[in-house]
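In the two complexes that follow, subunit A is the common piece, with subunit B as its partner first and subunit C second.
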Partner chain A sequence: MESDYVIIGGGVVGLSVAWGLLRRGRSVTVIDGDDGSFRASRGNFGLVWVQSKGMKQPQYARWSQTSAAMWADFAAELGDNTGHTVPLEQKGGYDLHFSEETLHATIDTYETLKTQLDGNYPYDVLGHNALRKEEPHIGPKVVGAILHHQDGHANPLKLLMALATDVRKMGGQVLTGQTVVDVAKPDTFRVTCKDGLTLCADKVVLSAGLGAMQLGPRMGFKAPIRPQRGQVLITEKLPKLINRPSLIARQVDEGGIQIGATNEEVGMDDRVTQPAVSALAGEAIAAYPALARAQLVRSWGALRVLSPDGLPIYQESADMPGAYLVTCHSGITLAAAHARLLPDWLERADIAPNLEVFSENRFDFS
Partner chain B sequence: MKTASTFRELTREPRVEVTLDGEKLCLPDGANLAAALLVAGVTTFRKTPVSDTPRGPFCMMGTCFDCLVEIDGVARQACMLNVRAGLAIIRLPDAQVPNAET
Partner chain C sequence: MQKPDLVIVGAGPAGMAAANQAAELGLKVCILDEQSNPGGQIYRDVDRVAPIRGDALGADYTYGTRLTDKLHHANIVHMSGATVWAIEKGFCVSYTQNGRGAQIIADHILLATGALERPMPIPGWTLPGVMTAGAGQILLKQSGVVAQNAVLVGSGPLLYLIACQMLRAGSAPKALIETQTGADTRAALRHLPRALQGWPYLVKGLKMLAAIRRAGVPRYQGTASVSITGTDHVEAVHFMHKGRTKSISCDTVFMHHGVVPNTQAARSLGIAHHWHNAQQAFVPKLDEWGHSDFAGVFIAGDSAGIGGAKTAEAYGKLTALKIAEMTGRLTVGERDRKASPIQRSLSHELAARPFLDTAYPPFNAALTPSDNTLICRCEEVTAGDIRRYTKLGCTGPNQAKAFGRAGMGPCQGRYCGLTVTTLIAKETGQSPDTTGYYRIRPPLKPVTLGEIAAMDITTDESPQ
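Right after this comes the complex of A and B.
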């Protein structure tokens, strides 16, 4: 089998890139793993999020803002093409605070970033009473919140489904249950799977999430990524209780309240633990006391894909020109940018975004 | 032949009195509550708080959360409970945010 691009990794990141390339008329083969793979696309929190990102690198804040601004149009196109609506709400999101000190420290950092972004960082600080007008169920322990108007949330599973459907509809080949064991470039690229299947392509995109830890170095990347576990909970479906999402809790379009998330450095272990579930529930109840009586339906763990500074890596291989590493923590937020803008970078178009700051050369490997 | 329910009773346990929305019902002691209610002709256990459409037991194994009823002020899965005397079962009224008071 031969195609213009082989994309290694069929999660939201890989499929977003595949979608954008197919729309440009490129032929694409996507190689996806199986249910035993660590799949961040199936376990994430679903935020389309801007605030707090890029505090040390305004370019990352801009990149997130760019994607968030394109998201509604992108979701609408996916919905029109596939008949699978991708629920999205972008009417702002909160950073909730339980202490005045952390609230003010955060405002200080946001003000610095706002200046670096030429003022494009629309947020309001809400004291408890102002917040209570917006969120009648907020608890007394929440002293205030930062309401950032560029934040929102989506249904990430429906995004995945719409992407997977549309990629196939546009003629993309999606191979599932495959594990890539080797990538070579004798002339064109040859991508070999565990079962012996070999695929040829002019270019290869490595968007395999944590799978890039192993494959990356063989393709000339440093791929300095690591897993970080996030445990999340979801309640029974409830009537409207939370109007806007936060990192603590969001009410999904189907009514359940998703509660998140831990940040745990535990290696390749995506299990849930009772202490973490209790702590998450406790924090959510402090924010929204009514949740004390809600029934939890499920809890699960998933592994974030993190670079040392938490920013994405977009890198062409020096050893294998035409091979690209695309990896990030925020595949949902960045889905629109990956679908609409990243193909220009892969195709070396004049209008390609400048992604220099996201090169892995930024890391010191000495 | 029963006309009230399409479900047939399997248990021959002695019956005990419970209430459903305040009305008395006699159900087999120790039976699965969701099953016993179905046999008694109760098919709508609640309405979804999102679309306000009727729901009843679907999976009967604790997964779907469609058989929620309120007992002692807490939403519980009827399929995960046994019938016992004096149980006061309330079908959740229209969409309500759970009471914050504990």
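Right after this comes the complex of A and C.
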């Protein structure tokens, strides 16, 4: 089989890129894993989020803002093409605070960033009473919140399904249940799977999440990524309780309250633990006391795909020109940018975004 | 509470027998059960009900008091109304009781979580008035409620049992619409010689069939295209019988086509399972003592593979003997000497099983339902949806769950899991083993956030 691009990894990142390339008329083959693969696309929190990102690298804040701004149009197009609506709400999101100190410290860093972004960082600080007008169920322990107007949330599973549907509709080949064992470039690229299947392509995109830890170095990338576990809870479906999302809790379009998330350095272990579940439940109840009576129906652990500084990596291989590493931990937020802008960069178009700050050069020791 | 030697989840026949055997051998046992009274499903609430409705429910039911009596032992702490929602390595067993979360730690754990009725997704099965035969039995056992104008649909001895219990309670079912075929009966005959070693079961079966015949309850065997209709409540059952379409009006439908192991707790620990073709279900991989591939975790009773109450009791005892040997209460020789009569009785108990499994297979049309039939009631997902997700590249139930929410609701896939695996396996041509099962996560049963947040460790505190 031969195509313009082979994309290794059929999660939200890989499918977003595939979707964008197909729209430009490229032929694309996506190689995806099996039912038991670690899948950040299936376990994430679903925020389309701007605030707190890029505090040390304003370009990352800009990239997130760019994607968030394109999201509604991207979701609408996916919905029109596939008949699968991708629920999205972008009316702002909160950073909730339980102490004045942390609230003010955060405001200070946001002000610095706002200057670096030429003032494009629209947020308001809400004291407890102002917050309670917006969120009647907020608890007395919450002293205030930062309401950032560029934040929102989506249904990440519906996004995944819409992408999987539309990529196929546009003629993309998606091979599931596969594991890539080798990538070589004798002339064109040859990507070999475990079952012996070999695919040829002019270019290869490695968007295999944590799978890039093994494959990356063999394709000439540093791929300095690591897993970080996040445990997440979801309750039974409830009447409207939370208006806007926060990192602590959001009410999903189906009605359940999703509660997140831990940050644990435990390697490739995606299990759920009682202490974490209890701590998450406790924090959510502190924010929204009515949640104490809500039934938990499900919890899960999923592994974030993190680079050392938390930023995405977009890198072309020096050893294998035409091979690209695309990896990030914010695949939902960045989906629109990956679908609409990243193909220009892969195609070396004149209008391609400048992604130099996201190259692997930043990990060089000097 | 002092750290127990053994924590048992479930106070049905396997759990109760294991608790008693282990306690007799000096082990400290804690048995956690979500019911308010011991007995499991088969002996549900037997201490309270046997004196008032024992006659209608029969001697096989009242036998349960012999097991519940034995829970009164100095080495046994029986925690009723305790819902286990997480089990982690260690083993930390998290549960809630009376609205309060707590945890018990033990080196050995026995999962005796029993069976679930195999759901029977046929057109109309979600209408009010349609329930599983087991749910009908619960009404009869606990509340003495006997359905009027009821039809029984499906296959298997439990259908005959509930029919007889209804007859004795004075309300005959209107008809038995049975899905096993003549071919099934003929195939079962080759297992008959072995089944004769378990002849008391066959005699009981024949007696039940004779009682149903005497009462004049019509039996339609080898039925096909079974569907249920009604506007907002069941009104009739329709089916094909001997080439003709028939309809029977009714107010209640009891459905049953076998039971399957409840493997959720074992799955949550990552214990290996394999597909049991005759029982069309996953069963955990265990050694002869019920020890799983997760050292220290044992499984006995129907949750280890369907065998019925007496088999469950025997395996519960064997598990207890093995744990007693592992903890130095018995030598290997003593263990084997005590085990040998139990193992002999097991071969008699299990003798009729291949015959019954073959004579009463699950209803094929409900294993791979038609496209419009709901298979996940919690999230309203149809069989056609699952087939569509397979075409979208889903190779297993976890991808299908992400696409369509099947298995995400309050039951966490307990009821739709096997159907989803079977549908995907059929579509992809993979085996059920390759297709796999849902990744099971806590909570094993719904629990409130408040209970979880207030979780405390009670290893040094009396639970009573």
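Here is the rule we use: the second predicted complex is superposed on the first by the 364 of 366 C-alpha atoms of A that agree within 3 Å, B and C clash if a C-alpha of one lies under 4 Å from a C-alpha of the other, contacts with A are read in each partner's own complex, and residues count from 1 in each chain.
In this section, contacts are C-beta pairs under 8 Å (C-beta built on N, C-alpha and C of every residue); 3 or more make two chains touch, one makes a residue touch a chain.
As the structure is a prediction and not an experimental result, all values here were calculated from the model.
Model built by superposing both complexes on subunit A: subunit B and subunit C clash. In the superposition on chain A, contact is made by A:W300 with subunit C only, not with subunit B.
In the superposed model, more residues of subunit A are touched by C than by the other of subunit B and subunit C. Contacts of A:G36 after superposition: subunit C is touched, whereas subunit B is not reached. In the superposition on chain A, A:G79 contacts neither subunit B nor subunit C.
Contacts of A:E236 after superposition: both subunit B and subunit C are touched.
In the superposition on chain A, no contact is made by A:P122 with either subunit B or subunit C.
When both complexes are overlaid on chain A, the residue A:L160 reaches subunit C alone and has no touch with subunit B. When the shared chain is aligned, subunit B and subunit C each come close enough to touch A:A292. In the superposition on chain A, no contact is made by A:G310 with either subunit B or subunit C. Touch criterion not met for A:G322: it reaches neither subunit B nor subunit C.
The interface of subunit A with subunit B overlaps its interface with subunit C at residues 236, 254, 291-295, 297. Every residue of subunit A that touches subunit B in the complex is listed here, in rising order: 137, 236-241, 254-255, 289-295, 297. Those residues of subunit B that touch subunit A in the complex are listed here as 48-50, 65, 68, 73-77, 95-100, 102. Taken in their complex, subunit A has these residues touching subunit C: 10, 32, 34-36, 39, 41-42, 157, 160-161, 164-165, 168, 174, 176-177, 233, 235-236, 254, 259, 271-274, 277-278, 281-282, 284-285, 291-301. Subunit C meets subunit A in the complex at residues 86, 88, 92, 94, 101, 103, 392-399, 402-405, 408-410, 412, 435-436, 439, 441-443, 446-450, 452-453, 455.
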